[in-house]
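Heads up, there are several structures right after this.
What follows is a pair of complexes built around chain A, which joins chain B in one and chain C in the other.
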Partner chain A sequence: MSHDIHLHHITRIEGHGNIVLNIREGRIEELRLEIVESPRFFEVMVKGRHITEAPHITSRICGICAISHTSASVKACEAALGITPSETVVLLRKVLLNAETLQSHILHLYLLVAPDFFRVGSVIPLAKTHPDIVKRGLRLKKTANEICRILVGRHVHPIGMTIGGFTKMPTQKDLQEVRKVLEAAIPDMEETVRLFEGLEIPEFNRETRYCSLHDEGEYALYDGTLYSKDTPLTEVTQYREFITEEVIEYSTAKHVRSGDNSIMVGALARLNNNHAHLSPEAKETAARLSLSLPCTNPFMNNAAQVVESVHCIYDSLRLLDLLFENTPLPPSSGTEFKHLSGTEFNSVPPKIIRAGLGVGVVEAPRGTLYHEYGVDERGMIQSVNCIIPTAQNLANIEKDIRAIVPMILGLPKEEIERTLEMLTRAYDPCISCSTHFLEVKFVE
Partner chain B sequence: MNKESLLVIGLGNLLMGDDGAGIYIIQELQRRRLPDHVDLIDGGTAGVGLVDILSSYRRVIVIDAIADQGSGPSDIRLFSPDDLILREGEGDYSIHDVELTSILSLMKSLDMVIPDITIMGIPAVTMTPGMGLSEVCRRFIPEGIALIMKMTNPLFSTPF
Partner chain C sequence: MKPKIGVFSFTSCEGCQLQVLNLEDELPALLGQIEFVNFREAMSEKGEDYEIAFIEGSITRESEIEELKRIRERAKVLIAFGACAHLGGVNVLKNFHPQSTWLSSVYGRTDLFSDTISTRRIKDVVSIDFVIPGCPVDKKEFLRFVQGLLLNIKPILPDYPVCVECRSRGNICLVEEGKWCLGSVTRAGCEAICPTYREACAACRGLVEEPNIESLCNILMANGLSKEEIQAKFNLFNGLEVIAFPP
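What follows is the complex of A and B.
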């Protein structure tokens, strides 16, 4: 039996990718996951700029992962400059990262994954047949957008996040508003769990190396140590010992490995590594979705995203409690937190600028995100490295395809194509910003 | 947000050359005095987030970059979303960021009320990675700003 499968522009992923699969007599002769989106080369854009500009530039890389890129960027800048943000700033950043993780997962689950399960081509026919489901997804996305608007002034591209803190600190009233928005989302989140409880997930297991941040005290999204089961804990500054990048001829994105292994990052990898620190509600969700951890079925990354969405809501409520506990209530609402006002966060005083190298790592919705900047004594960025989650998953997706194809060869070609698309989509690849940076010169 | 307000929203990516033209215009407008009923939003690459934003207004001006595919950059063009879809189908020219048409399709499928939208297309030459506008595109920015100032002025009997 022979198949030539070209999935040109895999549908319903962010950006464009192709799968080229050539099967002869039951054997895979050729398999490539091609990335064809034009690279955005944002490394080149940051290089030569002043360090204070980096978070603002990187916030524009992606409309979905703007908080993650900005968080990794401010962390890298702070590490390079030797700035330690206050505990309150860190708590607020964690709330924002939770909000982004929630909105990104919800967008993927409702608009890109759900059409597979209802066997329709896209969210447009789904909106006609199941408008309530699509509207619920949009309401949950709005929850996250509202939190971003309240805390950093915008739905997208968080202009308020900056080195050291925020250009305008949120007030007590703002935090109360965030709490209301989160609490109002709980019924929709409950319905989301119910929806995904009933959906069938293909049976396919292949063990790989699951990589993520890890923290002994909490579910690590904002901070932690680099972790996978088979490697020693690695400080983020030593990330080059944890993963290596390699150029792939047919892709404008680099592939990433850990030792000789391909790796998986993202929701399922995080759950495998850190499930002990999930909120009780998220643990219960995992049980309801039959997600027993550790799990080696990549299709279950979708279930893992549901679990993390629940966690993000309840963890944010916990973080808000901490913010209220740690901060004396101002006499009237609307007053800025006393100990946060002032010039502390508004700009980086010139005297703080120094030469240095900084690494900032966070868990973006799709996996571990690395920013590294080297700056000179004037604060000008001389070297940049940025590794995004999708690049880390590409080699693993190819290995999954190699493993699953022999299992489904007897199916009609359309069904093979659909399964491979679903598998690729389960990783939630974001190719629009993933393309990493072959050495290219451009003239501004 | 106020349903009575007029929204002027710029779309595009500042890191993709002329694609950021709409954002540059919004940034310029933010430094000027506009009537109280006008809201300005730097929409960036908002994607599905546009559903929330658009559904909060009755009247919207979208500023976005337009890539001419034939005779090269000509003029700033004003048109409705219906024209946009039609013209895309005809292959006359296309808007770089097709998200707006997808977003409007989604809103229509959900029977959501779609605001009156006027799209202001800024001719774009380079939509490749890089910050800053091309010479050609930059020349259209003052005209775009002037047009928005006029369209948001209640003394002019435009649809706005």
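What follows is the complex of A and C.
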């Protein structure tokens, strides 16, 4: 049996990618997941700019995970400058990161994945056949956008997040509004779990190395140590001992490995590593979706996204309780949190600018995101390194395709194509993100 | 007949496309009025029979030039959608570094992806009919624009500066506080969202027709910025625009 499969510009993923697969006499002769997105050269763009501009410029790496890029960026800047943000600031950033994770997963599940389950080409025909489902997805997506609007102006690209804190601190009234938005989303989230309970997931298992942040105290998204089952816990500053990158001729995004292994990052990897710290509601969701952990079926990444979405809502409600506890002001409308000194973007006092090197790592919706900047004594950026989740998954997706193709060879060509697109899409690749980087020169 | 629309993405973060999907309340009604025939981020169908093309992103590769020209031939109306398409946006920052360093600093070699070129705006490659500015585009402005198309009303962008909207929102002026902000020379229409969140306007929507650059430079220099620092702020989004800085 021979097939030439060339899926040009895989659809319903973020960015431009192709799958090239030649099968001769039942054997794979050639297989490439080509990333053809134009490289953007962010490390060149940021070089020579002032460190206070880095969060705004690097947010433009990705419209979908702008909060994650901004978070990793402010953390890297703070590490370079030796600034420790207050607990209030960290709690608010965690609420924002939860919101982005929720928005990104919901966008993927409802607008990009659901059409596969209903066997339609996109959300547009789905809106005709199943309008209630599409409207529910949009409502949940809006939940996250609303939270970002209230706290930092908008989701694409957040305005108020800055080195040391926020340009405009939210008020208690804002927090009450956020709580209301989250509570209103619970019934829709419940319906979402029910929807995904009934969906069939292809049976396919392949063990790989699952990498993520890890924290002993909570489900790690904003902070933690680098973790995989088979490697020693690694501080984020030592990330080059944890993963390595290589240039691939047919991919404008680099591939990432851990030792000789391809790795998987993202929702399923995080659940495999950190499920003990999920909220009770999210643990219950995992059970309802028959997601027994650890899980080695990459298609289950979609179920893992549902579980994390539930977690993000309940975890944010917990964070809000902490914020209200920490703020000894009466919860009357218009009462502002105390402004933090030296937090405003264009008023970072010159005395805190110093030469340094900083690493900032967060869990973006699609996996671990690394930013590293070296700055000189004037605060001008001399070196930049960013490693993007999708780049970390590419080698693993190729390995999965290699493993699944022999199992589906007997199917018609269209079914093989559909399965491969579904497999790639299950990873929720964000390709425009993954094609800009990498420089390994540092300030002496 | 519903107008047929294609949304195309070149070098960008795809955040402007996402702003369309972020119209959660309006999207179902919008889909009753227009037909997306090509919108790769959201759909598998790839129609070539679009009348209106929204172009997101800058042009940074030889191959993108050909693709853009092909879209221009098919589309009756072509819109530069967002700052990358309109101004080049942050993508232009790489143009300030020698081209020889781009590939080597990212990939450690120069033999791959060598069709990379200096960042260009859409209007540098094909003629454009309209602009929806911003980084990202304002989703309400996009909606007004589509309403205009449906009613055959030519969309108009405001030709007054962000300051007008900022004042009307009752914001405290960042420049008066001794900080930098480019709102006084930047085209309004964003409801001054950045200064409202106490962040400087970085002119992502481009400049008004007759910007008073000299006066702004004088004030910012009095606030302690050097001439180079002021130019660097303009370069964030307007690196390809010809701006008459005072000597």
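Just so we're on the same page, the second predicted complex is superposed on the first by the 424 of 444 C-alpha atoms of A that agree within 3 Å, B and C clash if a C-alpha of one lies under 4 Å from a C-alpha of the other, contacts with A are read in each partner's own complex, and residues count from 1 in each chain.
The rule we apply is simple: contacts are C-beta pairs under 8 Å (C-beta built on N, C-alpha and C of every residue); 3 or more make two chains touch, one makes a residue touch a chain.
These figures come from a predicted structure and were not determined experimentally.
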Using the superposition on chain A, decide if chain B and chain C clash or fit. clash
Quick check on the superposed pair: does A:I57 touch chain B, chain C, both, or neither? Answer first, second, both or neither. both
More residues of chain A are touched by which partner: chain B or chain C? C
Is A:H277 touching the first partner chain B, the second partner chain C, both, or neither of them? neither
Under the stated touch criterion, which partner chain does A:G160 make contact with: chain B (first), chain C (second), both, or neither? second
Check whether A:M45 is in contact with chain B, with chain C, with both or with neither, and answer first, second, both or neither. both
Applying the touch criterion given at the start, work out whether A:V247 contacts chain B, chain C, both or neither, answering first, second, both or neither. second
Scan A:R136 for contacts with chain B and chain C and give back first, second, both or neither. neither
Touching partner for A:H108 - first (chain B), second (chain C), both, neither: neither
Using the superposition on A, tell me which residues of chain A are in contact with chain B and, in the other complex, with chain C. 38-41, 44-45, 57, 60-64, 66, 107, 111, 123-124, 127, 131, 134-135, 138, 141-142, 145, 154-157
Per the touch rule, the chain A residues reaching chain B in their complex are 38-42, 44-45, 57, 60-64, 66, 107, 111, 123-125, 127-128, 131, 134-135, 138, 141-142, 145, 154-157, 442-444
Chain C - residues contacting chain A, complex: 9-19, 21-22, 24-25, 27-28, 31, 36, 39-46, 60-61, 64, 89-91, 93-94, 96-97, 101-102, 105-109, 112-113, 116, 135-136, 174, 179-181, 193-194, 196-200, 202, 232, 236
Chain A partner contacts - residues on chain B that touch it in the complex: 13-16, 42-49, 51-53, 105-106, 109-111, 128-132
Using the touch definition from the top, list the residues of chain A that touch chain C in their complex. 9, 11-16, 38-41, 43-50, 53, 56-57, 60-64, 66, 107, 111-112, 115, 121-124, 127, 131, 134-135, 138-139, 141-142, 145, 152-157, 159-160, 162, 167-168, 247, 249, 252, 254, 344-347, 432-433, 436-439, 441
